[in-house]
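Below are two complexes that have chain A in common, paired first with chain B and then with chain C.
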Partner chain A sequence: MEKRVTFASWTIGILFAVPQLLLIFTFFYWPAGQAVYWSLTLQQPWGGGNIWVGLDNFRSILANAVYWNSITASLVFAGISTGLAMFVALVLAALTDRQLAGSRFYRVVLIWPYGIAAPALAMAFRFILAPEAGFMAVVNQVWPGFWDPGLDGADAMASIIIAFSWKYVGYNFIFFLAAFQAIPRSLIEAAAMDGSGVMRRFWDIQFPLITPTIFFLLVINITESFQDSFGIVDIMTSGGPANATNLMVYKIYSDGFKGLDYSGAAAQSIILMLLIVVLTIFQFRFIERRVHYR
Partner chain B sequence: MTIIKRGLAALAAGALSTALAVPAFAEPVKFDFWFGLSGDLARVVDTMCKNFNESQKDYEVVCTSQGNYDATLQNTIAAFRASKQPAVVQVYDVGTATMMLSGAYKPADKLMEENGYKIDYADYFPGIARYYATSKGEMLSFPFNSSTALMYWNKDAFAKIGKTEAPKTWEDVGADLQAMKDAGYECPMAINISANESWQLMEQFSAIHNQPIATKNNGYDGLDARLEVNKTKFVQYVTDLKKWYDAGLIKIKSKDLGQDMVQAFASGTCQVIMTSVGDHGTVGKTQKEGMKWDVAELPAYAGTERKNSLVGGASLWVLSGKSDAEYKGAAAFLNFIHDPKTALFWSTNTGYIPVTKSGFDYMKSTGFYDKAPYKGREVAIASLTASEPTEITRGVRLGNFTQIRAEFGTQMQAIFANKVGVQEGLDTLVKNGDAILDRFQQTYPGETLP
Partner chain C sequence: MVERTPFLNFFTHLILFVGFVLCIAPFVVVAVAASHNLRDVNDVPMSLLPGSDFWTNIKTAWTTADLGPKLLNSFVMAAGVAAGKVIISALTAFSIVYFRYPGRTFIFWLIFVTLMLPLEVRIVPTYAVVANVLSPYQTILDITGLSWLIGKISGVEVSLSLGLLNSYTGLILPLIATATGTFLYRQFFLTVPDELTEAARMDGAGALRFFIDILLPLSRNNMAALGTIMFLWAWNQYLWPLLITTDQSHATAVTELKQLIPNVGGIPEWNIAMAGTLIVMLPPLIVVVLMQRWFVRGLIATEK
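Now for the complex of A and B:
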């Protein structure tokens, strides 16, 4: 006798899926389709008309040195900020997990940064890192001209990396801590009884067991560093000096909304999407091999 | 993809807010006015709207600040594409070319004529009117908030080097800055080199020296205009600024670094700045106790036959696709703003200058310019009317000029950071700026500026 619940037809299943599909279509596929269409035309901003130009938008973007500079800046930003945010969060989470003095206090405190909106935290960091008024003014007093994000591109890049990493340390911390606490105490205690020290236990037991979390955070951090950096760049540097912090997502905004070049911006957002897709595939293909799922 | 989602959300929000702002049973006739000023200035606009609504019973204007000029234009475009546009919108000076080609407006002069208002267009200061008029002189929009750039100078610092007057030539400026440096001033002059300063550094300088920014009379005569600031007197100007910066006579001040130019001047840290007359009030209100300062016209190189400086600010456009009743209201509103009494109210409460001769005369007759906090603002009128506007001091009529200004900021930063030489940086500015113009021209094939 057949005990499994089956549906008479596909209809009912599809009906259940329809609301979700409609939402996804309206808020993802439809605008994404529009972006593809816009990227193949030249749109008049006021909607007066458009001209089919095929791949011209892509050609002119890819032939533009400023755009390649923007890609490089985005990759540098993604690499360093992801590394920094994950490393710091990992260390903090490992220490919290060891129940050092005060760990309950900073378990709560470390989660806060992620709750702060990017523009607000960018504003705070703008003050902190201002070369003439903030904390860095003190450093500049000792070494004049050491810190100048207004003209030095590397300093400006460092500023936005610090601000972004600071925010994502909180996010990563939550996940790392949960991962550490999911490791059975008995394993660690057994290792301790066998005489292995803190570092040994970390490398041989904890680290391999949290690789799924590390991999998850790596994908999320890299993706977010391409997308969530907008608010920070807009408030702290506006893409300057001399395009040093003109990340891809910021360039899309400034070309599209400030420059009213909707077609060029649409083409750029398609390229950004493809880049993120490729990076994510790469991570799943090559890095996930080293992940041990339990 | 978030960008697109965000854009869509903004579009929906914009559409929603306009939908809410226009109730079904409206008596008097309501119409929308979107503007791009914020803070204190937005409050002054709100008061002006209230005054208009109380001055008559037939119309009611609903004034909504969109935060800043960029956002106003973006939101208006989004609203227009969704057929929810306001009747009147404030568009900044550099958006004029974009507006003219939009096909989304109702010419201001026609609107006034159809609704029986007589506006004496010759009453506008030519330097202001020509900036917004077509190449044939028709007014498609009404000049609203207007300013021009002035040099603010610290009288105390100049007294220390034995000067009682502001320098009139750039040669004198160089000597005076050096003298101030020698007298122990850390920051003789402050500038900033972001996109926004294109206005005082490139545009005003070029107008005063009668130097073109672009071919085709700065773009008035066609969309095929291209930049040429890399072969005018502007090159020498940037070279000098860079030289003075290297010698420590000029410091860069911006909000990102901790203190902007105006704050640096008002606090007495820096002795000379170039900024809008609109900051006159701010400096007065925030200045260091007892500091003596004044404003002067921007300097020119020795031997220059001085021309009018350029107007900055915004004009009011009436958008197409509204009902006749709303147009009647819009016309009444524009007529109200045009009134000299409104000009006095507007200029008193902001730093902006009157845009008509009758407004200026009316303000002079009330003794406005003799009183302490406002004294000095007449220099702006003198600067704007220094000469009859020439073919290239009418203004700048280039597509996507916002992006060209951004490119200006980028290249100036590269020059001041010693990444490129002056000529090389300006050549790149022209090259990249021309690509922007090229693109704008391609977007409007076969069209011409009115």
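Now for the complex of A and C:
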């Protein structure tokens, strides 16, 4: 879309864009370029030059079992938490949209979790799911050794999935509810007149009409699960036990800033960027398709 | 609704109520745990009736993690990011929508690409840039030979250096350097009728006057929505503040939470940790509750 009426002055126009261009050049394009450069060289942590090594950094990372383990953990985390957060939010939004008594109240409360910082909710869930105090301790009293995120990798993964999903149910709920409410009431009423029940209306009218939102949220949730998981992992598990929750962003952080392996961290950043770009391209294709819907 | 469905209605109420309980439970647990003393909080199962040590725990958490100044830091950072985004995005969107200069499409895409790669995936090099924010320009001068030229002519050796670690500027600027808000404004500016621009020009208004006196007042709703969402987003940032505030004086409340738990393996004093958590989660929660309308609107508008 283009404006028909515009202002003639080129200089003023460009001047308006300068602040943002300076910012994204300094804090986006330069670092991104730097990451590419570092990933192709061996960077000394305390300065003192660097050696061109070509794709060696990538080779050594991709040959590393710990890195593949990190990718697998990230994908498992992304898959399960996205599925869980979206399914729960979809059910809650569909039911809230039925507009029975009290639905206004749920509309307000169910979005609260999204406002909470990941580390803060991680702290809350670390307590709730702690094996020695809190609530899982009760389960542990009945079945000793049933739950211990400090020792059992699967338990630790389950903990971070629960914490992340809890937050993103709130997020997804906002979008699903908006999508449901955008469906014209008359459509639902007409279907009801024709004798279709609530479930039939859901599957044949509402669900097809919110598929754009579903796909959109799918991509956003997966992308966010790569980024927003850092605070949760850092507070709840620190990547452990035995690397079971060492997700990709957490590994970049610990390799780069704790292990001072800048080149390795840069190469990992590049791989993560590529992964996210692929996901985003998927999203773009989807948005294009979505335009045809309307 | 349209028809009578007593059975389904019962189910709806039941599931929504369960959802409500699951949503609210962590808040309640945190608040209750923050009110127990150390012995009661480690009771299995912990009593859900509030204890009597609430204020003592809050005070202990407040002093242990030094939350007063940290909350102020968080507030400055969040307000700075929100204000910066609201202003800079408006300027850029105005430039992209209302002018026709060569390279406009290129600039548009240059900005659009930044949406794809969030700060988290490029932290290491961004950290290096912030450590000396002028290093990109120094490198450019070196490579193009300009610094050699300047050195020859003026006798001054060019070495640009400006470290932003442990400063509000360093906290805020990289968080502003994405395109989130720009597209919110762009979509809105495109809906502003052309007749308005024509009328303004006929009355002799230039670009600047039109922007300040007509476009900005019209965008007030967008500004509130964008401001709310950016404030929350910045307040909840964790990785970036953690990295660049090596000095305690600029740490934010969210990063300070870690001070309340011992290193791996140790068992925290849960009542204190939960009191700290409560303090840190309260400000964004208040913003969500008070600004719900703008929050929802901003979220839906910026992401689509």
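Note that in this section the second predicted complex is superposed on the first by the 257 of 294 C-alpha atoms of A that agree within 3 Å, B and C clash if a C-alpha of one lies under 4 Å from a C-alpha of the other, contacts with A are read in each partner's own complex, and residues count from 1 in each chain.
Rule of thumb we're sticking to: contacts are C-beta pairs under 8 Å (C-beta built on N, C-alpha and C of every residue); 3 or more make two chains touch, one makes a residue touch a chain.
Being a predicted model, the structure only gives us computed values, none of them experimental.
J.: Touch check for A:81: first (chain B), second (chain C), both, or neither?
T.: The answer is neither, since A:81 touches no partner chain.
J.: Taking the superposition as given, does A:206 touch the first partner, chain B, the second, chain C, both, or neither?
T.: It touches nothing on chain B or chain C.
J.: Which holds for A:153: it touches chain B only (first), chain C only (second), both, or neither?
T.: The answer is first: A:153 touches chain B but not chain C.
J.: Give one of first, second, both or neither to describe whether A:98 is in contact with chain B, with chain C, with both, or with none.
T.: Once the two structures are laid over each other on A, A:98 reaches chain C alone.
J.: On the A-aligned overlay, A:245 touches which partner chain: chain B = first, chain C = second, or both, or neither?
T.: Neither chain B nor chain C is touched by A:245.
J.: If we overlay the two complexes on their shared chain A, which of chain B and chain C does A:258 touch? Say first, second, both or neither.
T.: After superposition on chain A, A:258 lies in contact with chain B alone.
J.: I want to verify the contact counts: of chain B and chain C, which reaches more residues of chain A?
T.: Touched residues of chain A are more numerous for C.
J.: Counting contacts the way the document defines them, which residues of chain A are shared by the two interfaces, the one with chain B and the one with chain C?
T.: Comparing the two interfaces on chain A, one with chain B and one with chain C, the shared residues are 27-28, 31-32, 34-35, 126-127, 130, 132-134, 137, 150, 227, 230, 238, 240, 249, 252-253, 256-257, 265, 269, 273.
J.: Across the complex, what residues on chain A touch chain B?
T.: 27-28, 31-32, 34-35, 42-48, 51, 60, 64, 66, 126-127, 130-134, 137, 148-153, 227, 230, 236-238, 240-243, 249, 252-261, 263-265, 269, 273
J.: List the residues on chain C that touch chain A in their complex, please.
T.: Its residues touching chain A are 1-3, 5, 8-9, 12-13, 15-16, 19-20, 22-27, 29-30, 33, 41-46, 88-89, 91-92, 94-102, 104, 107, 110-111, 114-118, 120-130, 133, 136, 173-174, 176-179, 182, 189-190, 194, 197-198, 201, 206-208, 210, 232, 235-236, 238-239, 242-243, 254-255, 257-258, 260-261, 264-265, 267, 270, 273-274, 276-277, 280-281, 284-285, 287-289, 292, 295-296, 299-300, 303-304.
J.: Could you list, by residue number, the parts of chain B that touch chain A in their complex?
T.: Touch residues, chain B against chain A: 1-5, 7-8, 70, 73-74, 77, 80-81, 98, 101-104, 194-195, 252, 254, 256-259, 400, 402-403, 406, 409-411, 413-414, 416-417, 419, 432, 435-436, 439, 442-445.
J.: Across the complex, what residues on chain A touch chain C?
T.: 1, 3-7, 9-10, 12-17, 19-21, 23-32, 34-35, 38, 88, 91-92, 95-96, 98-100, 102-103, 106, 108-121, 123-128, 130, 132-135, 137-138, 141, 150, 166, 169-171, 174-175, 178, 188-189, 192, 197-198, 216, 220, 223, 226-227, 230-231, 234-235, 238, 240, 249, 252-253, 256-257, 262, 265-266, 269, 272-273, 276-277, 280
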